[in-house]
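A short worksheet on the structure shown next.
Going in written order, the chains are labelled A, B, C, D, E and F, and every chain counts its residues from 1.
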Amino acid sequence: MLIRDFKIGEEITGYYLVKAKNIKTSSANKTYIDFTLQDISGEVNAKLWEAKGDVESQYNPGEIVKIMASVTQWQQTSQLKIIKIRGLLPEDEVDFSQFIPTAPIEAQTMLNEILAFVDEMKTEDVKRLVLALIEVYRKPLMYYPAAKSNHHAIKSGLLYHILRMLRSAKALGSVYKNINIDLVYAGVILHDIEKINEMDATEVGVVEGYTKEGQLLGHIIMGIKRIDQVSEKLGIDPEVSLLIQHMILTHHYEPEFGSPKKPLIPEGELLHYLDMIDARMYDMNKALKDVEPEQFTDPVFVLDRRKLYKSKYGTSEDY
Amino acid sequence: MLIRDFKIGEEITGYYLVKAKNIKTSSANKTYIDFTLQDISGEVNAKLWEAKGDVESQYNPGEIVKIMASVTQWQQTSQLKIIKIRGLLPEDEVDFSQFIPTAPIEAQTMLNEILAFVDEMKTEDVKRLVLALIEVYRKPLMYYPAAKSNHHAIKSGLLYHILRMLRSAKALGSVYKNINIDLVYAGVILHDIEKINEMDATEVGVVEGYTKEGQLLGHIIMGIKRIDQVSEKLGIDPEVSLLIQHMILTHHYEPEFGSPKKPLIPEGELLHYLDMIDARMYDMNKALKDVEPEQFTDPVFVLDRRKLYKSKYGTSEDY
Amino acid sequence: MLIRDFKIGEEITGYYLVKAKNIKTSSANKTYIDFTLQDISGEVNAKLWEAKGDVESQYNPGEIVKIMASVTQWQQTSQLKIIKIRGLLPEDEVDFSQFIPTAPIEAQTMLNEILAFVDEMKTEDVKRLVLALIEVYRKPLMYYPAAKSNHHAIKSGLLYHILRMLRSAKALGSVYKNINIDLVYAGVILHDIEKINEMDATEVGVVEGYTKEGQLLGHIIMGIKRIDQVSEKLGIDPEVSLLIQHMILTHHYEPEFGSPKKPLIPEGELLHYLDMIDARMYDMNKALKDVEPEQFTDPVFVLDRRKLYKSKYGTSEDY
Amino acid sequence: MLIRDFKIGEEITGYYLVKAKNIKTSSANKTYIDFTLQDISGEVNAKLWEAKGDVESQYNPGEIVKIMASVTQWQQTSQLKIIKIRGLLPEDEVDFSQFIPTAPIEAQTMLNEILAFVDEMKTEDVKRLVLALIEVYRKPLMYYPAAKSNHHAIKSGLLYHILRMLRSAKALGSVYKNINIDLVYAGVILHDIEKINEMDATEVGVVEGYTKEGQLLGHIIMGIKRIDQVSEKLGIDPEVSLLIQHMILTHHYEPEFGSPKKPLIPEGELLHYLDMIDARMYDMNKALKDVEPEQFTDPVFVLDRRKLYKSKYGTSEDY
Amino acid sequence: MLIRDFKIGEEITGYYLVKAKNIKTSSANKTYIDFTLQDISGEVNAKLWEAKGDVESQYNPGEIVKIMASVTQWQQTSQLKIIKIRGLLPEDEVDFSQFIPTAPIEAQTMLNEILAFVDEMKTEDVKRLVLALIEVYRKPLMYYPAAKSNHHAIKSGLLYHILRMLRSAKALGSVYKNINIDLVYAGVILHDIEKINEMDATEVGVVEGYTKEGQLLGHIIMGIKRIDQVSEKLGIDPEVSLLIQHMILTHHYEPEFGSPKKPLIPEGELLHYLDMIDARMYDMNKALKDVEPEQFTDPVFVLDRRKLYKSKYGTSEDY
Amino acid sequence: MLIRDFKIGEEITGYYLVKAKNIKTSSANKTYIDFTLQDISGEVNAKLWEAKGDVESQYNPGEIVKIMASVTQWQQTSQLKIIKIRGLLPEDEVDFSQFIPTAPIEAQTMLNEILAFVDEMKTEDVKRLVLALIEVYRKPLMYYPAAKSNHHAIKSGLLYHILRMLRSAKALGSVYKNINIDLVYAGVILHDIEKINEMDATEVGVVEGYTKEGQLLGHIIMGIKRIDQVSEKLGIDPEVSLLIQHMILTHHYEPEFGSPKKPLIPEGELLHYLDMIDARMYDMNKALKDVEPEQFTDPVFVLDRRKLYKSKYGTSEDY
């Protein structure tokens, strides 16, 4: 049964991915285990009150467990009280992709479409630089999410974020003729690329934390340094390298969000708005997709605690 | 000779539109006339030091004058010292459109394209409401600018602003499926429509000031009231009317820019970004179009005093 | 016994109004009921651990229950552990007004005094408009609170807020002669009037939530639209209607509090301060009235978390 | 002729007070004198181009001069070009009060009314403290303005500000019973009293600058110190002294306006709003009193550059 | 065993200081005692579930108790479940200084060093004023902390804060010659001196709360008043007194941190930075001293929730 | 005669450096030259009304001219009206250093002292990195100012800024033991080093503008990239390189001043305060050094428009 469909008072049985596990001591001074379990539909907290056997070495994050549990309530959300738990047996046939929220398009397909955009580029040095950098990150790019907990925090979320922004860029490029579309494409592909080194993520697309360099410098500064290094190695026109570094530096737009300067070229200005639109459409769709028409959501933290409205005329996508 | 091409020290002759006229007294206690003259390429200040005859009744704003003048300099910009001046004679053959910056597409053509977007709408009540409102404003819509001095402050600028936003909306509508495109189109067409009653503009597209209601309420509140009235008269589904009012209320996004609430529907969120992108692309193109490659502009007031950069790879449009 | 007088460790018996009721599951996986009970002196949380019988259909919000309970402590406040509970029996003689905090003046008396203020108006169109609008809201006006949880969140609180502001307006009108007192009276009476349609309140004066239009537009915009409609129907001088709409638009004064413009007429400026003073005197009196002299209150959320001081020379009112 | 009535192009003759005088050198390298002249209706800039004789020692600030001059225009305002100038002769009969904007009530009358308010006080120590402090400042209180250039920057403006606030305090004291009116009266009388030592003002009510202590500490801190000293000397109840010091400390309400703490007693909260209302009514009346109905003012600096509106129903006082 | 070294699951025995004690009622309606215990290494929460005997009168804050307890876990931190508890017996030999975090230098030694700085002063009136004030506060100065919970919240913390700032002042005084070092020393010694009357602290250096005057005025205003009084009594040059009052007024630098004015003399500017540096070095050292190299701390509340980094090259002091 | 000593009305003769030169047209339509002249004591505007000969090619910025001129006044400051002007003749004996404000210590002496600090470093990789970078910038370091118009905008100002900060760092390093002094020294030497490539400065120490990379990225980002490149080339321990990059990134402390992150190590925190102190002491000394005791300065733009006070006990340095 999908986590999204749990009802308080029921007893459920099923396979779930262990996302987090903590060994704790209760007020009655007993050891228990506090899990976060996950499937494709969401997450749930689960308590194993009677923790027997070698609980320390078993059921670790990244493993799949089979449980029987009753659905209880704790402060407005459901919680599981685990009755039985076991690890996977050889005869269990489970499909890992059922447990991990993933971009709705297959990673290789997305990469191919992105490469097709690169193929359209007419400015040779922009193309060479972008291709070289895609090569550098090709492996992690296939599964990295675009964030730890906000928009596109799903497997291959970064690729999906890039792809949708490229599609939008192409669309707007047909309306606004005062931009060099190659620079916009390059900015889109590279703007968040060093998130791959800023965050530690497992191959299932879950971010476990931030790296040392990520905390001390951040992905914007790290991206600028990387472009600088690769450009120098490849002998890219310094103006190309500088413009792309400037676009990365400015794409968060406001100092308090990490951009000490604002865009001084229209391609940078557009990049910022493409990024905002894609993030906001993602977050709004996610918040609204399970809401009934003419109802409001709970306050959405990442959208300034707005309570969104699903209008009678509203629609949603399924990612 | 176009104002843009004046060089300090030259003597010029030509026809120009009087944009503003002030009668002043010099430090030597003599009366002189201070003009702002305009043609399609820009504006220039001009002094008529020896004002003879009935200067009060002649050469008023909106008239075209023929002048001979020398180009002088005052605080970094050129200024004219008028040597001869006269009004239009019957034999002068001047084309008014040479003096007024105008949207690069003909007004009727733009309106037709906008109506074609409306024609695509599938939600009957949205379509009826939008068509009724276009009818209300049809005449001033043909020439109204979109602002007094910022983006699209040109003849038919409001139509041009709407049209480009509609094109972008359509393009993004093909990328993001979680929006009702009819609502977005309606929001785009109506978001600034009460600027027509907020500002006083002449038929040549020059804003002369703000109306009483414009100053006391502003075009956002005025637009909401108008939609409310027309919806009630036409028996529009209250949900449609409410959603469009909400989009108008929220499209400036931040309280300090006039929106006391933020968008609670994705269509409103997108409307805000479409508006921003169109305004910024317009302002950036205007600031950069006469700049040499690899040069910076002066600080642009409306873009937070940024000094924009015209890159070697940059391009511009001619509006 | 009044809730305000509960002492930890005691056992109490009495009648209380159910303000909220939630069915929950304990960590021991048992169902229990979590009540908020209320009387005229305040509110208290109460747990019914042994919930027997048809707990779902009984003891709902708005009903009065008789309970026996012990007073326990949870995080600095008292809490009830219910021992016995039953609904009202025919023989119980309870006076509903004992359970609901209510304005200290009877609603009809307040309305009469307000109508006497209207009677003093000399500007005919202001008077007609105000009387017509009082007529529209007359029924809910008798019991609506002025807020969900802040100042005047009591039965008939809106009337009480209006009345005290009118009294202050009259008093200040005798000091400041540069205001049209009719406009100030009209602003006072109408400034929050659409809270009646922004919030859902029961007839006992408890706000249950916000309406759809309330969330998408808010009472300020709703009030402007309503005045616009009624003014048009009655043929009110447009200047009168516009000024009152402007006063409503600006009475929150700051954009971040919902007013996109500031008052441009002295009557609007004064309205803002009358509103502030009445709210602040109410909130301060409420926070201080049960405090001993020379003591400080806990931080008061609605007053920027200030800890107010009850001076030796301080005094309080009993509302 | 009153300065307010000057018309550009006319020649005028009359007596005016010298408010400021600067000796300057023109671009043609000649010495000229730049005056600011004043009468009861306003101020005007005046140039004496042909400065002959001992211009350094004559026509100093505070003196009255008789001039003949032509009214010219400089940047939207009128300016005088002086043709003849002389000092007062024994036979000139001029009334100084014609040249100095003054509160509309006679100083002694205002002081008497203020003392009558003090007489109503029931808390003996508050009364003693206030009377002692009035005694300290009695002489300068008769003519001090309440500010250098904003509200009540007129002769006896401080008395007038105090008096109107006391009247309002009394009026509101009849509406709100949770305040000790004696404390409010004391706060009103003393809140700005050390402006007398913060600013240097002449006996004609013109502020010439700030004192050293005024710049290094400011009137709020200076007032607290003064109340502390006098209270100790008179053996005032420390609670009384502390509360009044607290009211002075907090009456500007926001840190960025000079109050590091917010009021913790209702009397302090009310004092703040009484101060705001009196200042705003004064400034709005001043800005609007010479405006035609249905017109807007120019941006008023001290009111956040708002352009106020004089409605058809508006009214003004003559101070 | 030191609190810092507790390990979850162990059973410990030892002497600890009672820092706080609350009598509470459990969800099972039983009375229990909630302690905060402390030793030199830190604090821990401890529950006495089976509270027998006269728990109200025993084990009060400031007393030392001997306990046997098991170390449990609650929300990421350890907590004690008390098994046995008793007060001190005559035969227990405990050293109070083992329980109270104290400045790393003995109080009298610090005071002597501070007096040596005063001895260096060349401006007689500065020296007299400072000595007189040290005399006033000599007793509490020996044990007062510098804050309730932030930097230097330890016994004799205020002395330690002053001393380190004096050492830094002397050091910087040898680099910057545009300051009067006597004024800087005076500012350092007196800037927080009225914290002694703003906060209530026990002789073991624990702050129990704020005084009435502390809450209504704050230590900055109180310090200014005190300096004013003492200066007047001693006949100090008013310029000296005014400058030191100004330094105290401005040393928090920003209005929102309590300084309504900014420093107008370089000595005040330097005082602010000396204060910041000492507080920040203290807080950073405290947060980092128990962290392993190449690890990050948890978010530090008092440092804007930064997660500090202990570098491979970092070092710490032992206070 | 030094510019500082000009008196209005006098006629002066002397040698001055041309800092800026503009050819303009007067209102009478004549060409004139507008100079900014400079000597060691300050700057002055000078007009050459009768510009004869090849004025375009002569008297350019960087040249020294001999002039005779009368001192006139324009808007509160003095201005020169040039009577005679000529360029330098072979027989003129002028010392360039008389015309250029320069750090008070000789550049080579400062560099030597800085190198002595480096010599003290114990962390080998820090030392190697710093020495390598000093080598890169050695030539421009000898004359570069530290800013375009604010603190240390003098010849060799950057060296002087570094040197004073190093002296302070050493002094504070003896007070605070929780810092690695080598890292602080490295941060001080390198924090502004890329100002050399951000600004274009002549060898006389005058900044003429910002470079392309300076405007698009800024010296903070440029410095990080440079340290990254050099570290990689030299095989510096990545932790050393990362820490120094982090210190440069964070030394402006607030996002709105260009630091997207705050310091996470105490060495970075201290660097920020060392930078602030040195800048503020410089700016305050400059503003106060020519002020009489017990007087205030005009508002100082770079110090938030504060009017500083020169106290009776104040002192100044002569740079």
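The rule is simple: a residue touches a chain if its C-beta (ideal position, glycine included) is under 8 Å from a C-beta of that chain, and two chains touch if they have at least 3 such contacts.
Fair warning: this is a prediction, and the values are worked out from it, not measured in the lab.
*Asks:* In this assembly, which chains make contact with chain D and also with chain F?
*Replies:* Common contact partners of chain D and chain F, which must touch each of the two, are B, E.
*Asks:* Which pair, C-E or A-F, has more C-beta contacts?
*Replies:* Answer by contact count: A-F.
*Asks:* What chain lies farthest away from chain B once each centre is taken as the mean of the Cα atoms?
*Replies:* It is E whose centre lies farthest from that of chain B.
*Asks:* Taking each chain's centre as the mean of its CA atoms, how far is chain B from chain E in angstrom?
*Replies:* For chain B versus chain E, the centre distance works out to 62 Å.
*Asks:* Using mean CA coordinates as chain centres, what's the gap between chain E and chain F in Å?
*Replies:* Each chain reduced to its C-alpha mean, chain E and chain F end up 41 Å apart.
*Asks:* Could you say which residues in chain D touch two or more other chains, in rising order?
*Replies:* In chain D, 212, 215-216, 243, 264, 294, 296, 307, 309 touch at least two other chains.
*Asks:* I'd like to see which chains touch which, written out pair by pair.
*Replies:* The list of touching pairs comes to A-B, A-C, A-E, A-F, B-C, B-D, B-F, C-D, C-E, D-E, D-F, E-F.
*Asks:* Residue numbers of chain B touching chain A in their complex, please.
*Replies:* Contacts found on chain B: 123, 164, 167-168, 171-172, 174-180, 182-183, 239-240, 243, 262-266, 269-270, 273, 276-277, 280-281, 284-285, 288-289, 294, 296, 304, 306-309, 311-317.
*Asks:* Any idea which chain A residues touch chain F in the complex?
*Replies:* Result: residues 212-213, 215-218, 220-221, 224-225, 228-229, 232, 242-243, 245-246, 249, 254-256, 258-261, 264 of chain A touch chain F.
*Asks:* Can you check the complex and tell me which residues of chain C touch chain E?
*Replies:* Touch residues, chain C against chain E: 8-9, 70, 72-74, 81, 294, 296, 307, 309.
*Asks:* Along chain D, where are the residues that touch chain F in the complex?
*Replies:* Of all residues in chain D, those touching chain F are 24-25, 27, 29, 212, 215-216.
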